[in-house]
Amino acid sequence: VLNAITDVPDVRVGHFTRRDGSEPGSDGSGPFNTGITVVLAHGGDLYTERVPAAVSVLNGSGEVAGREFVDEMGVLDAPIALTGSFNVARVVDALITDATRRRPELGHGERYVHPLVAECSDSYLSDLVARPLGEAETFAALESTRDGPVAEGAVGAGTGLISFGYKAGIGTASRLAPVAGETYTVGALVSTNTGRREQLLVRGVPVGRLLSPALAPDAPQGSIIMVVATDAPLLARQLRRLAQRAHLGLARTGATAWNGSGDFGVAFSTGNRYALDEPLHRLCELADGEISPLFDATVESVEEAILNALCAAGEFVGRAGASVAALPLADVQRLVLGTA
Amino acid sequence: VLNAITDVPDVRVGHFTRRDGSEPGSDGSGPFNTGITVVLAHGGDLYTERVPAAVSVLNGSGEVAGREFVDEMGVLDAPIALTGSFNVARVVDALITDATRRRPELGHGERYVHPLVAECSDSYLSDLVARPLGEAETFAALESTRDGPVAEGAVGAGTGLISFGYKAGIGTASRLAPVAGETYTVGALVSTNTGRREQLLVRGVPVGRLLSPALAPDAPQGSIIMVVATDAPLLARQLRRLAQRAHLGLARTGATAWNGSGDFGVAFSTGNRYALDEPLHRLCELADGEISPLFDATVESVEEAILNALCAAGEFVGRAGASVAALPLADVQRLVLGTA
Amino acid sequence: VLNAITDVPDVRVGHFTRRDGSEPGSDGSGPFNTGITVVLAHGGDLYTERVPAAVSVLNGSGEVAGREFVDEMGVLDAPIALTGSFNVARVVDALITDATRRRPELGHGERYVHPLVAECSDSYLSDLVARPLGEAETFAALESTRDGPVAEGAVGAGTGLISFGYKAGIGTASRLAPVAGETYTVGALVSTNTGRREQLLVRGVPVGRLLSPALAPDAPQGSIIMVVATDAPLLARQLRRLAQRAHLGLARTGATAWNGSGDFGVAFSTGNRYALDEPLHRLCELADGEISPLFDATVESVEEAILNALCAAGEFVGRAGASVAALPLADVQRLVLGTA
Amino acid sequence: VLNAITDVPDVRVGHFTRRDGSEPGSDGSGPFNTGITVVLAHGGDLYTERVPAAVSVLNGSGEVAGREFVDEMGVLDAPIALTGSFNVARVVDALITDATRRRPELGHGERYVHPLVAECSDSYLSDLVARPLGEAETFAALESTRDGPVAEGAVGAGTGLISFGYKAGIGTASRLAPVAGETYTVGALVSTNTGRREQLLVRGVPVGRLLSPALAPDAPQGSIIMVVATDAPLLARQLRRLAQRAHLGLARTGATAWNGSGDFGVAFSTGNRYALDEPLHRLCELADGEISPLFDATVESVEEAILNALCAAGEFVGRAGASVAALPLADVQRLVLGTA
């Protein structure tokens, strides 16, 4: 057990990271402290072996490209990717290039593909406007996907992100849930840019208010994308229920989904597959009466994934010399555990 | 084939009709020209053999009691009932009485029941305020449920309804849909109170404008409830798709879902059953790629069900002597078929 | 400042409480430990001076009668009432009686009324099936509405409720929010039946796990209704945003909205009025860019209202001698404050 | 009056059209028969003078980039653009480039921009995979925006579209609606790729079945985007109501929103403006009780816009020599008017 979304069998994660620090490029653009994180529901052909999925909206001042298809059809037919705000379109475009190369029938007849691409803004530490991530970077992120341990903190889509005034980024966690005689896994991966310092709760302790002011008082608040995976045999209606519980995990960290945030849950199950061109799907649906332990596991995984992102990210100096402190772990430990 | 929602195997329909004409009762209340129409997904125990279901909203200025449960759980656990607007609560209450008598465990532990009760207003022809329908009337409607032919026009919940300025009420129709090597049935039953006279289209012919003005110029517009049943193996997500196509069938009759209407679709499938207390459900889901013929069948069934309601209802004199004409069928036939 | 929803000017609250204890009635029904809580947006004519409102759904295994109208029209045209699950229909019916007596034009022409009635189940402590609350009880609750202090705990709709294994019921709280040069009030009132003991967090401390097991190990989990009021000039779209933040307040108490719950937010603003029959409404809408302090205030008010419900309710013995302990306040204080 | 969406004061439309016919390019890609259509709510700064807006979903097997922001905030802060399916990302990207050049503060602090870009597939007549539309083409479409007459048929995003087996594309229409002593305008612009030949209804006459088979029997069905503008003072909640009525206009043409379609309504009002950075917006909202004539105008405008797209488009030969006939207008006229 890795305490990662990849504890859900078949799930793969990859990152492309661009980390320039504080120096712009010779053409005046940059610096770029940004990246792409890719989550694959499995290692096979995502287009022909679709998995059930759902998206939830806590606050919609953001973008989840490809959401319409998931809402209507209840499946994923492509990778999930996370990136910096204005880069969504370029990553979608690159994923279409990749998909149409792999599957030449896409874009003909009634065959399409719908990459699910969501974003947080890294504009405080990175040049958001110049959009440095295109095909090469997206392909690199795809190439890097694998099971096993997941890098956290200032990597991939998390490279330039901040939460609660401290450096954050990618975080992940997982839980085992005993359900109806089986044990299922729920894993979460977040790309977190959420929260003001004074909101931060760690296991309920208002450490944000107790810590000395962070170094980035003018850093804007941002968004969070919460990806939840499970091997429990759920379908889209139920995965929407899980995605909504991701919001509750967020709440436990003290964030309140401020006005300008794009806070979304994405949930998928590897426990059912929809084979393309099969006229009738035979599916298993865990009874809703058994589902509550998966709700608990979702809430806990998301809460911990956010805290893990904060714990894994170090101090960072980015665009225009903007500096963001790391969460002072020793101080947090002292405040939470009450140890001297 | 009966051209009725009961062409879908297992589906049952019953009516309770109260028809007082124009005379109030001795206590000053009434007259009552109203009723209850019940649709059962099957003749067994609805609570323990649940069927997938969904509700759609075209215009929400109305009420569908029990919708929250269907939205969240994707199943029906009780009868569907239609009635006059202010009577919804009394019919819900009576259905709870009935359910708790039949299943004494309901109302204990985690066992509840959620009757799905929707309404149209019959206030032009009936005393809406006095709410004459309670347990006896609801039980009578339940008792009368059966498969086979369905009475249409001024019966049950349709007793006091008007559409397009003409007397309307309950209508039903069905279609066969060839899908993936099978033939499935789609049936619709509507309780229709929708439309102004000048909107009415019959097979596209603007008969509403061409007919001489109806006799009830001050009759208010109302709502429509469109119940769609199928034996195709669908689940809730797909049934919501069917329910939304019911709106398109309505549109073909010329109605535009005016501001004050409560226009809802309700769709269920008898092709999957959820056995209560089963921890894991094994389900069949027709591939979405095969579903379009069911969409066509829904649109056509709903359109025809509305017209059937108009064709079946005769002239009616109700509350305060209010008179509503029947659709002049010979004139409509002449206008639509172009025959002299 | 009362730390209550009535801190929002114009808002009124009333309770009807029926508390029989453990003895059934001579006819074998009962005992009844249940009630009705009414929230009025203002003390005037709710039907003709409507206020903007919205409902949010965290988990829909419950019922909010009247929700369709609020969703579509964005206003309340009637009281909000909370009660025990199977009593919703009878309270709706009584509120229709009351409204049609006060406003004889309702139920005629295009004039209707849509009471918003939500529920939690009090079946562990009260006879849910027999539904003892009708017109007299509803009218008494309406009569009792007033501004000023709000009784909390085992009163009104909260009489028979349990949360986190301890006796709960009605709770309320409020916050002041500085916004754009003004100070607005946000108040919450909850009817809480949510959570298992081991989930309870008080200011983040897992007191539920640390306390000795509660006395009602077989008490089922339940639902929560979270009513949020504000005098900030918001409209329905924004009030839906507030209602969704109520979910985040719930999350902070440790609840995860289990499968069988009906967890809903209801938010309204007294800062705009819709005069009936006015053809054009002149409205003020706080800029969304200014709204975040109201989100924070909502989250905090709801969290505290839930805790207040627990703090205010004492030990309770109900149906079949079922006993529910009060939250042991001294122990909680010790655990949360770390004092000996 | 032009019978166009530009009859709504301030609204502007522009097209970029690429029409290669049947010849691929020297590099093997193409031919491209595709384009971009831009709709601007007004000619000022869309980012700082936002208009209320809403999106509706009839069938979601498509994409509307930017929808999350409109759903949450109820406003447009950018142009609306329509294009071929796989080109959505490139058009979004170009619109971000344009916006950030015009408004250098975008992409900094809390300033973003959310172009609303929707699509239909032109893969039958155009090379969808190669995505030929980038910044130059998007800027050309923006440059071409103007009030006054709107080109219809095989232009802009409509260049390669087909409806009901006949060549289609862009269509527009408008209606005047008398409301509460004022006369407001409702205009629709559609990009239509919807329907099978045998479904087509023209004023209710099943001309699709009566006409001889079309020349493109294997042309796939597609999607439709229905943009509705009005100068009536509505807000987002009400505009969603209008957007949903666009579905009813579609239904009158015989289309049933088949499984694979991305059928969306987009509605905006020029009758209210949200000035950025204003802390409190003073708005006018037409009473919902007055709104029904706008519903009728929406249904009629959308129905006619679809038919206008069919009437304006001529025979077309595209990719791989695929030929699509024009709707045979004389035959249709004969069938509909019954003239010899």
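Quick notes on this structure:
Letters are used for the chains, namely A, B, C and D, taken in the order the chains are written, and counting of residues starts over at 1 for each.
One rule holds in what follows: a contact is a pair of C-beta atoms (placed from the backbone, for glycine too) under 8 Å apart; a residue touches a chain by one contact, two chains touch by 3 or more.
Everything numeric here is computed off the predicted structure, so don't read it as measured data.
Taking the mean of C-alpha positions as each chain's centre, the chain lying farthest from the centre of chain C is D.
For the interfaces B-D and A-B, the C-beta contact count is higher for B-D.
We define each chain's centre as the mean of its Cα atoms; on that basis chain A and chain B are separated by 44 Å.
Annotation: 34 Å between the Cα-based centres of chain B and chain D. Counting only residues that touch two or more partner chains, chain A has 59, 72-73, 110, 241, 260, 288-290.
Contacts between chains leave no pair untouched here, as each chain touches all the others. Of all residues in chain C, those touching chain D in their complex are 72-74, 110, 180-181, 233, 235-237, 241, 274, 277-290.
Every residue of chain B that touches chain D in the complex is listed here, in rising order: 58-59, 199, 201-206, 241, 244-245, 247-252, 255-260, 288-292, 295-296, 298-299, 338. Within the complex, the chain A residues that touch chain D are 57, 59-69, 71-73, 85-86, 88-90, 92-93, 96, 100, 106-110, 112, 114, 121, 123, 128-129, 131, 220-221, 260, 262, 264.
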